[in-house]
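Got some structures for you, see below.
Paired with subunit B in one complex and with subunit C in the other, subunit A is shared by the two complexes that follow.
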Partner chain A sequence: MQVEKIERRREAQYQNLLKLLDGHRRDASKTGTSLRSSQMRSIINSHRMAEAYKEGSKVAYVSEQFPTEICFAFGLIPWNIESMAIMLAQSLDVNRIFQMTQERHLSRDICSFLRGPFGMMLADCYPTPDVVLTNDQPCEGLAKLVFMSGRSYKVPALALHSPNIVDEDSVDYLVKQMEHMMSRLAEELQVERFAESLRSAVEHSNQARHYYRKTADLLASHKLPDVSRELQEVFGMNYFGTRENAQLCKVLYEEAQELVGGEEKKGKRVLWIGQVPEESHELLQHMNEVVDIVFWAPLWEANRLMLDEDTPLRSMAERAMLYHWNAERMSSDIAQICDEYEIEGFLIANVWGCRNMMGVSPMLRDLATAKNLKYLTINIDLVDRNNYAFNHVKNRLDAFLELMK
Partner chain B sequence: MSRQDTVHDAVQSVVGLYRDRFELLQAEKRPKIGYVSIQTPEEIFLAAGIVPFRLTGEEGTDTSEASARLSQNYCSYVLSCFGEGLAGRYDFADGVIFADACDMRKRLWEAWTRDVPGSTSYFLELPNDASAISKEYFTLQLRKLLRKLEGQYGREIGEEALREAIQTCNRSRALMQRLYEYKKGRWQALSGEESIQVVKAATTGLKEPFNARMSALLAALEAAEQPPARKRHRVMICGSYFDHQGIIDTIEEAGADIVCEDISNGVKYFEGEIDLDAEPVAAIADYYLEKHTSARILDTDVRIQHLLDLALEYRVDSIIYYALKFCDTNLHDFPYVRERLREERIPVLFIEGERNATNIAGAKTRIQTFLESRMF
Partner chain C sequence: MITAGIDVGSLSTKSALMDESYKVIAYDVGLTGGDNRTAAKATFDRVLAQAGLTPSDIAFIVTTGYGRENVPFADKHVSEITCHGMGMHLENPEVRTILEIGGQDSKAIRIDGEGHVETFAMNDKCAAGCGRFLEVTARAMGVELKDLGEISHCSQNTVRISSTCTVFAETEVVSLVAVGTPIPDIVKGVHNSIATRAVALLRSLGIRHRRESGETESGPMGMSGGVALNSGVVKSLEEMLETPIYIAENPQVRGAIGAAYIGQRMA
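Then we have the complex of A and B:
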């Protein structure tokens, strides 16, 4: 697509977004934690959103756990279509968005985290990408949605396929795909040299990861609910590879250190497994009164992996495979988290349409039984409010919290 | 006996392989391994002296236990296969191989490993495109599988055995392709039900009797007198796993012919052939990736182009897109497929259903209305 045309469209798309936001301003008092890092993250997100609509910006649609270091090596702004839709869903009339997806015959049985971005694209609110990049995490549905968005916008669509079994052959295969992807990007974006910028992105990624890991370690022995939440946000944002993200993780760690010692007595700990609602969500508020919530996703092994700066693609490949849903790996990973973080219960949040989460739930229940932990499975929908009512969940949640007391 | 009776008997003889598959497989001395995706290279197993057969979930009508061990919101093909496994229906087999054909089948692999004791489960990585890198990797995966089977069964799988297996499978494909030539014409020698059952008979793994019976069927068809040509509405079925008798009957009773099934129980199973002159494992890998046009592949345009080619080849008037409830890959594809078919002016009807659903009154009315408005 011609550059001039993309830029004209982006201006219109920005106006479309503003119109959608206009009627549904989010209550500012309900957003974020009181941490400095939370405000910092907000600024980074707002800035990158605004930049993505600007003339001359290079935008890449990406899937949730795409190795964004590749984007930054090519000066691309990664537009995570899924998390962006979730963020926007908190601020706009999401029913209108879902209505559009139904008019285009997309089934309501599909996870709302995927229907949301499809609707946002139909509403022509996202900035037209220069390229779309996808891998298959966290699910095949998102991979397809991202890939086919490239077809819809008529821009190059490049994909990585990550095997499920982690071994040398799989790493080699993924590395070859990444190399191929980068050579295609160099060609499409007319970038001659990218080795140096990749090296720099990997360094920034590791700097951020260093603080991220230290923060996660602090959570093991201290009750720091805001920090736990912020770590979840940093993971969801997936902005690893930038200087700003390294700075953000450093500030978060410093704040966490300051908070250590002054925290309240540690309550019983529940591991929140599955997709996580916004911080002001009634479920979290309700639970926070009784238990200390630790979010599972930020503690995944993949999220704690440092990249080998000499062979970054190999460690990025390994990380990509570790992000895959895999009951056996997850079971051993969670067992370790349970011991390390003194977890006493699981809250398993099944989002309507997330087949992977539903499919690993029996393993989680088996694990909880084996470790003598209490657990509760709830079915919720965090984006499509038509599929969820707090009162339907509350009775079961109260019974669970009663057990946890 | 009339020539038409001979054809009927020949069809029944082929279909009988599917109908009696459990008894036949149980009586078979060779080891047996089941599979759930047609992207599983049967040739590898045949070369190892193993009978590869497809799980159909036909007897897994009670999926309550399977739902409890996976989820109620799962595709009913996956649940019914799992239901059969939990009920011990495949106890006669050594195990099941799960190709990475969709997220739900991946979770099925894990659940099977955990909950079906005594059954060895294999997992086969499956790239979602046919690039050179993917073909190289898939070849490597097939070699690993070969080595695993060699170790498991204590026999060496040589190039000659592989070529022989390729030849056998290519023969099955060629026979089915010849049969489907009839469907491209005006004489629909086989009903929709019979066509699907013939393909299902090929997936029982009983290749030699299948090839022999298919040859007899083709001979009977060639000898049979063709009835006067008739002009009927020509329907193609595409989408998820499909063999729903009620839907087939509804289409045919409305006065239309099912001329092509772009599904795993249809042409997708037997398209193309494996290059016998190439190195066998690489040739098998190339074939399976190149023919892959299911909803699971990332680039839906590849699937759509294949669908359009078939529509032209079989002179299709309209398409019924059948998606099993919760079959995400097919549900995701539908908006794109529908849009492209609209551009090509090919009418399409979307039907969502369950593997063993009996109450199909709503779908029936929609199919009848869709077809009647185009036929008269």
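Then we have the complex of A and C:
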């Protein structure tokens, strides 16, 4: 697509996004946390979003947990098409977006984290990408959506296939793919040299990860208010590779340290497993009155991995494979988290249409039973309100919270 | 000291009064209708009148059910899962697994030796297999809801009714009636359909049974909720689970009784 066309279109897309978000359901009195890092994160996100719509910006659509260090090595702004669906969840215009997907015969039984982004593309709210990049975990549906967007916007679509089993052969295999992807990116974006910028992105990624891990470690022995939530947000942003993110993680760690010794959250610890709603969601507000919620995703083994700065691609390959929803690995990982963080209950959030969650849910229930933990499975939809109402789950949530008291 | 429990359900609102010896001194059942706040007040007034008491005689009021938080004169709101657990334990401390089928949901509850809930499972999103399902199909067959149990005992053949959706099941029933299928066979099919869903719910809690002795590994099973009054559903469940099921006295009011019992322990 010609550069001029992309730029003109982006201005219109930005206006479309603003209109979509103009009417929103978020209750301002319940948003944000008391943490400075929360405000800092909002600023970074807002800046990134605004930049993505600007003339001259290079944008890459990415799927969840794509190694964004590669994006930053090429000066690309990663646009996580799935995470952005949470923005849609805030809009009062969400039904119009989903109707557009149904008019294109997309089944309502597909996860709204796929339908939402598809709808936002149909509504021309996302910035036109220069390239689309995907891997196949944790959700192959997302990879398909990314490919569709590549075709729709007529831009190169490059994919990584990551094996499920982590060994030397599979790491070699994935590294070769990454090298090939970077060669293609250099060609498409006419970038001659990227080794230095990749090195810089890896360094920043590690700086951020260093503080991220220390914050996670503090949480193991202290019930620090809002910190687990903030780690979840940092994980969701997947902005590892930038100086800003390294600074953000450092500020979060410093704040967490300040909170140690102060007033801690009351209540037993519940591990939230599955997709996470935005912070003002009534589910979280209701649960926070009784229990201390610890989010599983940011504590995931793959999220604690540092990159070897001599062989970063090998580390990125290993990390990518650890992101696969392998039930055996997940069970072991979660069991360890339960012990380290003194978890006393699970909240298993089954998002409507998510086959990954359907697949691992039995394992999670078995694990909870084996460890003598209380658990609750709720069926929710975080984006499409046609599939969810708080009243659907409040009764069983209240019963679970009574067990946790 | 008298305590009250009020269970504000989707179809019916129940109340119970209990004294300090944990004896139920009065209970009442009424339809919820469109206003659960009014329904709660009405059943409370009726149960007080039955016992010859006034509101000031009541030391503590616990509400439960979907509408529990809409009762302004309650002292405490407790989920019906907890209340049914306690209510069943009060009557039969041997029971360890409870099936409660109400108007629009069904619950499988595992309790410990003191009536505390260990784990539970509820049906999701759909009222197929609950009281509403029976109401709709009874209407489609032109029979009274209260007679379904007796009618099903006369069944000679099993008719299969899908258990996916109340509305679709109603259509199936109408078709079966139209071709002259004996009503008892259809009713038995409806009961089997409910039992199938309930058994799946129970199995998700790990209910096991030993075919040889008929006992469940998970301990004796009990049933409460309005559908427990239907002997046909109970029979279908016992056949599928191959175990006897203890039916609580006044099963429809068991949640309110449990709530009143919790009130006794809290007051």
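Here is the rule we use: the second predicted complex is superposed on the first by the 392 of 405 C-alpha atoms of A that agree within 3 Å, B and C clash if a C-alpha of one lies under 4 Å from a C-alpha of the other, contacts with A are read in each partner's own complex, and residues count from 1 in each chain.
One rule holds in what follows: a residue touches a chain if its C-beta (ideal position, glycine included) is under 8 Å from a C-beta of that chain, and two chains touch if they have at least 3 such contacts.
Bear in mind that the values here come from a model prediction, so they are computed numbers and not experimental data.
Looking at the superposed arrangement, the partner reaching more residues of subunit A, out of subunit B and subunit C, is B. In the superposition on chain A, contact of A:369 is made with subunit C only, not with subunit B.
In the superposition on chain A, A:402 contacts subunit C only, with no contact to subunit B. When the two structures are aligned on the shared chain, A:392 is found in touch with subunit C, with no touch to subunit B. Shared-chain residue A:110: touches subunit B; no touch with subunit C. When the shared chain is aligned, subunit B comes close enough to touch A:163, but subunit C does not.
The touching residues of subunit A, counted against subunit B in their complex, run 104-107, 109-110, 114, 118, 134, 136, 139-141, 143-145, 147-148, 151, 157, 159, 161, 163-165, 169-170, 173, 176-177, 180, 325-328, 350, 352-353, 355-356, 358-363, 366.
Subunit C contributes residues 66, 78-82, 105, 117-120, 122, 124-125, 206 to its touches with subunit A in the complex. Interface residues of subunit A facing subunit C in the complex, by the touch rule stated above, are 369, 374-375, 379, 391-392, 395-396, 398-399, 402-403. Against subunit A, the residues of subunit B that register as touching in their complex are 68-71, 73-74, 100, 102-104, 106-108, 110-111, 114, 123, 125, 127-129, 131, 133-134, 136-137, 140-141, 144, 296, 298-301, 323, 325-326, 328-329, 331-336, 338, 350, 352.
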